[in-house]
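By letter and in written order, the chains are A, B and C; residue numbering begins at 1 in each of them.
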Amino acid sequence: MAEYWGINVEDIFNSMKDRFRPEGATDVTASFGYDIREEGKWKVSVFHGTLAAVEKIDNLSGCVATMVTDGETFVGVNTGTVDATNAFMGGKVKVEGDMGAFGRTGRMFRKYVPPRKEMSTRDYLVDMFGTVESRFKKDAARDLDFIITIEVSGDAGGVWSVIIKNQSCTVVNDRVDNPTVTLEVADKDWVDLTLGKTDAQTLLAAGRGSVRGDIAIAMKWGEIFEKYVDPMGGGEPEQELLVLKKTISVGQKFSTGPIMGKFLNGLKAKKILANKCPKCGRMQLPAREICADCRVRVTDFVEVGPKGQVRYMEYVYYASPDPLTGETRETPYGMVNILLDGCTGNDTFAHLIRRDQIDLIKNGRDDTPGTRVRPVWNEKRVGSIFDIQHFEIDE
Amino acid sequence: MSKKAEQSESFIVEGKLALPYAYFAGRVGSTFITTIRDQKKIMGVRCPACGTVYVPPRQVCDKDFTDIRNNWVTLGNSGTVVNFTVVRYDDRHLPRTAPFVLALIKLDGADTPFMHILEEVAPENVKIGMRVEATFAAKTTNTILDIDHFKPAPEKVRMTTERPEAGRKAWTPGDEPEMQEKRRGGKPDMSTPVIITAALTGAATMKNQNPAVPYTPAEFAEEANKCWKAGAAMVHVHARADNGMATHEHDRIRATHDAIKEKCPGLIVNLSSAVGMGKTAEQRISQIVAVRPEMASLNTNTMNFSIIDRKTGKIFIDYVFENTFTMLQDFGKAMEENGVKPEIECYDMGGLDNIMLVAKQGFFTYPMNFNFVWGVAGGQAFRAESFIAMMNALPPKANFTTCGVGTEEFPCIMQSCLLGGHMRVGLEDNIRMPNGEFAKGSWELVEVAVRIAECLGRSVATPDEARMIMGLKKK
Amino acid sequence: MAHRKKNRNVGIIGIGQTKHSSHREDVNQPEMIHEAVSAALTDANLTMKDIDCIVHGNMELFEMVHQPDLWHTLGTGAYGKECIRITTGGTVGMTIACASDNLVASGLYDIVMAVGFEKLQEGHTTGGITNMADPLWFRNLQTGALTGSKAYELISEFGEERAKRASMMYRIIMDKHAGLNQYAHRSFGLEFEQLDDLIKSSPKLVGDLKLIEMCSQSDGACAVIFACEKKTKELSRHPVWIRDHITVHKEEVFQIFGYHKDYPVLQSHRFAADQLYKRNNIDKPLEYFDVFEMYDPASWWAVDWLRDFFQLRGDEHIMLVEEKEIMIDGKMPINPSGGVIGSNPIGATALIRVAEAALQIRGDAGKHQIPKPVKHALASGFGGTMWTVLMMLEKELNWQEADNGGILGNQR
C-alpha cells in the first residue's frame, strides 16, 4: 500500500473509530462508501449516531453516497495537506449518490493526526550535526577560516568538529588538530540550545558548558547556519488567530411611496396592477415611479393577469440564507418570470413557482408560449409580495 | 381600467436586515487579545521610527507608515483617565445598562488612549486624571471585553504587599568613624537606612488642591497608614479641624496623634510646633507639651513666610513667621524636657547659625536632627551648592533630612539621599507627582522617595531604625 | 455620449496586489490593504509622502463595516491626506481607477492612489448583494449574483452540448491561466480531458450554472498609482497610459436578456463598447487590442460577453473559445491572470483587471506574461444590474495622432 506523506490509506480507516465524534453524527443512520483507486473500497456504517462498522469490502451497495478518489488525494484531504474544496471542485474527488448526506461525514470525524515517533537526545544530536553542512550559509562565511570543536558530554554525547574554510563547511564526528574554539556542553543542553529552548548566555552563566579559544568565532554560529528545523515540528507553536463571528441584525422601515403602495394594495385586493409607460407603453411589474428608458413619470395603472405564461424559470439548487429572516429556503426551488395576460414582450413579473411543479415548467421564447400559471393567493393579505403564496400550473 | 395613484396609497413596511459576518483579528490583533486572555497583560506596539506606543496595537504606524508589528511592549494594566463620557441611554448593542462610563484611558507606557468601560465608581465621581486599572473577565469572549472593565486604582501594588525593608536584616549602628568627617570628604555613608518622612498636611494645603489631604483623625490615620505601608518611618502632622483649618486645640491634636498611633503603633509621629498662621507662642508649644509626640518641629528664625505668585511675583499673603531666639530657647527646652526630639527646621544658613548659637546653652541632646527646607517664599530656594554648604555646617553627629516646596521636592530629596541624608515628602510640601499629575496621597510621594532610595542602593529605614538613627526613645 | 478630451494625460506608475486567498485570518482589513499599498509604493519607488490623494473602494455590506475608509487609514496611508471613498458595486474597482484618472487629469492632484479591497470571508457576499435589491419586492426573491439565465440563453441559441462545452472550456482555460499567476486564489489544475466529466460532475447552483463555473470568493487587495504626464515621465521607466474609459449603468432591473426577438433588451456591455470604440476610432477591437482583462463572474457570462465587448456576430465568440484563441498564446488572450473566476476580492476585482492589463503592457506579468508584445490593452468592470465600465490602456502616448488618421488609420 502506497504511502503519502508517510501515511497510507489504511491508517485513515483504521483510526476512524478513535476519531469518531458522536456529536457530529446525531440522528445519522447510513452507510458511506469510499472507492479509493488502486487501494480498495471501504464501507463506513453509522447506526443511530454510533460508528457501527468500518469494513474493507468489494461491494458498496446500500451506501447513501460513495466518495471516489485516489489514494494521494484521500490521504491529503484527511490530513489537511490537500484542500478538500479544491479537490472536489477540481474533480479529483467525486461523490456518487446523496451529496448532502455525504457532507455530514466531515463533521463525524476528527482530523487525522499521524502518530509521532519520539526522538531521543542521540537522534537529535545526529540529526543536528547531520544537517549542519546543508544549513551552511556560504555567503555569510566569506573570509572565514576556522574550526569549531564541540565536545558533547552525557550518554548521547560525542565530539564533532565543524571546519569552515573557503566558504565551504565540513563536519567530522571527531576531534581535529588546532580548533579555533572548543565548546563543551551537555548533550541535552546542546539539543535545547539548537531547538532554541535555551540560549548560550544562560548556559554559560549557569556554569553549564564552557568555551575555550576564540569566543567571537563561536558567536558567529547563528550567522553562518540556517536555523535548525525540528523534524518533530516543535518549536514555535502555530499562532492562534482569532475570528469573531457575529450577525448584524437591524430593524428597518420602508415607505412604499404612492406608486409601490398602490401596487401592493392591489395585491391585497387580489389585483395585479402594472403601470404603463405613457411613452413606450411598457408595463412595469412591480410598478415604478418612472420609466427609466423614457425618463417620464408613469402614473397610469392597468390591471393585468392574474394568469400568465412562464417565460423563464431560475432552477435554484443553491439557496443562501434569506438576509431578512436568516432562514434558508428549501432547495431546489423555482423563481419564475411570468408574462401576465395583458403584458407583452419583456414585461414579466417575478415570483416563485409551487415547489413540486418545478420540473414541469417549460420556458416560453419568442412566439412559443411557456407553461400557463396562476397565482395562489393567501387568505390573509397585508400588501406584500407574499400576498401571492406562489404561482402554480393553470390546468 | 386606468387609475392614478394617490399619496394616501403610501404605507410603511417593517423590514429587517440580518446578516452573519466575521472579523479576522489578524496576527497583531490576535496576539493582543490572547495575551490579555491568557496572561492578563495588555500589550502595545512601539513605532521604531517615531517612538509612539500604540494601544490597541496596530501593524502600521499611521503617522509615518512604518511597519511596526513586531515591536511589542508590555504596558501597565493601569493608567490615567484622559477623557470620559457617561452613557445615559440603553440600547441592546451597548455593553452595559445605563448609566455607565466609557473612558479614554492612557495606559502607563502608552501614547494613545484606549477606550473601555469604567466601573466601580459612581459616574459623578469620575474625574479626568484619575488612576484606573484593568479588571479581567472571568470568561473569555476573545474580544477586548476579555478586559471586563477598568476600575479606580486602589493603592499601588506595593501598598498591598509589604514595606520595602521587609525581609532584610535590621540595621544596627556600627562603629563607623565620625559621619561628619565622611561627609566632608565627599564620601557619604550610604549604608545608613534612609528615613522617609511623610508630611501629610501642613497648615495650608487644602482638599480643593488635592482631595487626599486629611482633615479628620480617621483620615490622618488612614493616610498615615498608607504612607507607613509605602515605606515612611515618620509622619509630620499639622492637625486640622473638620473644616480643614489648622488647629491648636489640644484635644483635636491629641485625637489626631492617637488615631495615627492606634492605626500604626510603630510609626513615628512628628507634630508641628508652628501649627498654622497667627498662632501665639503659647498655642504653639503648649500642645506639644500636652501631647508629647516622639518628635516635633523647631523653627529657627523669624522670617517672611508668604504666599507669592511664583510667575509674576505678586504678593497674595504677606506673613511674618515669628521665631525669636527666646522662642527657640523656650521651645527647645520644653521639647527636650518632655522627651520630644526637636526636628530643627532650617530655611537658610542663618537659621542653622541661630540654632547653633542657642545650642551653646547645652540643652539639646545628641544627635541633633536637622531639616533643610527649600523654596518657602521667605526662605532660600534649592541650590545644590547651598545644600552642601548647609550640610558642611552641621555639628558633629547631626542627621539631616530635607524637604522642598513644589517641584523642588524631588531634586532636594534626591540630593539628600545621595549625600547620606534623609527625605521628607508629602502633600504639605507638594501635591503633584514628578510627571505633574496629582499625587493620590502623600503615600504616592513616599513611593517616589522609596524609588530614589532604591536607585541609590540605600535601604529604607523602619521606624525603629529611624529611632536609632535620630536618637528617639520609643513611647 | 458627451465626452470631452482630457485636460492632461494620466499614467499608471505603480501596481501592487496581495496574494488572493480564502485564508487571510492572519491579517485584518487594514493590514491586508497595507500589503497591497506597500507593494504599489515599492513598485513605483515612492513613499506615502508622494501620494496626494487616496481613492478607496469596496462593496457595501460585505464585511459589515461602516465607513471602512476611516479605520483603513492604517493600511491605505491616508493619514492626513485627501481620501475619497467610492462604492459602486462590483464595478467599484474600475470606478476608483476611473475616478483616479479623472482626479489627476483634472489637475486637482498629481499623484493619486486607488485602493480596492475585499475580505469576502468576513462577510456574507450573497446576502450583501441581495440587499441591493428593492426591499419590498426583489429582495425577497433574489439569489445574490447567481443566475442560470445566461446559460439558458446560450443553450437556446447554440444548443446544449456546444454551449456547455464552450463554458467549461473557458473555465478550464482560466484555471490554466490562474496556475501561472502567483497571486491567483484558485487554481485546481484542471485539464481539457476533464471537460465532459466536469460538465457532469460539478454541482449545479442555479439552472445550468455549475459551482465550478462561478467566481471565487476571495480576500485580497489591490493598489494602483496614477500620475500626471509630467510626473509619470519623471518617475516611471515603463509607464502605462490611460487612453479612455466609459461607464454605463442601467436601471435596477434583473431582466438581463429578452424573451422575445421583437423586444430586444439593451445590453450595457455592447452599448459601452460601441460608444468607446467609436469615439476612439477603433473599428476592429479584436485586432486592435493585444489583451483583454475581463471581469468574468462566471464562465457562461464570459463566453457571451466576448461577443458584446468585441462587437462580434453569430458564433464568432464561441469559436474564439473553442479554438483556444483566448489562451495566453492565442489570438486574443483573455485574462492571462486567471480572471475573476480565479480570484475575486470584489472591491479589488475590477481594479485588478486594470492592474493586470497594465502589467501586460509593461511586460511585468511574470509567468503569465503574454508571449507577444502588448501595446493596447482593454479592461472591464461589471457590477450592479449589468453595469459596465471599460478602460483602455496604451503603451505609447501617441493615440492623439490617431484622431488625425495616425496609427489607427492604418488598420481601417
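FYI, contacts are C-beta pairs under 8 Å (C-beta built on N, C-alpha and C of every residue); 3 or more make two chains touch, one makes a residue touch a chain.
Given the structure is predicted, the values throughout are model-derived calculations rather than measurements.
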item	value
Selected pair, greater C-beta contact count between B-C and A-B	A-B
Chain closest to the middle, measuring from C-alpha centroids that were averaged per chain	A
Centre-to-centre distance between chain C and chain A (centres being mean Cα positions), rounded to whole Å	25
Separation of chain A from chain B, taking each centre as the mean of its C-alpha atoms, in whole Å	58
Chain B-chain C separation of Cα centroids, rounded to whole Å	65
Contacts with two or more other chains, residues of chain B listed in rising order	13, 15, 17, 19-27, 29
Residues of chain C touching at least two other chains	25-26, 64, 124, 127-128, 131, 135-136
Chain A: positions in contact with at least two other chains	241, 243, 246, 248, 252, 254, 256, 264, 321, 323-324, 384
Chain A residues within the chain B interface of the complex	239-259, 261-262, 264-265, 273, 287, 299-303, 321, 323-326, 383-384
Residues of chain B touching chain A in the complex	1-27, 29-31, 33-34, 142-143
Chain C-facing residues of chain A, complex	86, 89-92, 94, 99, 241, 243, 246, 248, 252, 254, 256, 260, 264, 286, 292-293, 311-312, 314-324, 335, 337, 339, 344-346, 348, 350-352, 363-367, 384-386
Chain C to chain B touching residues, read off their complex	24-28, 30-32, 34, 38, 47-48, 61, 63-64, 73-75, 77, 79, 119, 121-124, 127-128, 131, 135-136
Contact set on chain B toward chain C in their complex	13, 15, 17, 19-29, 58-60, 62-63, 65, 67
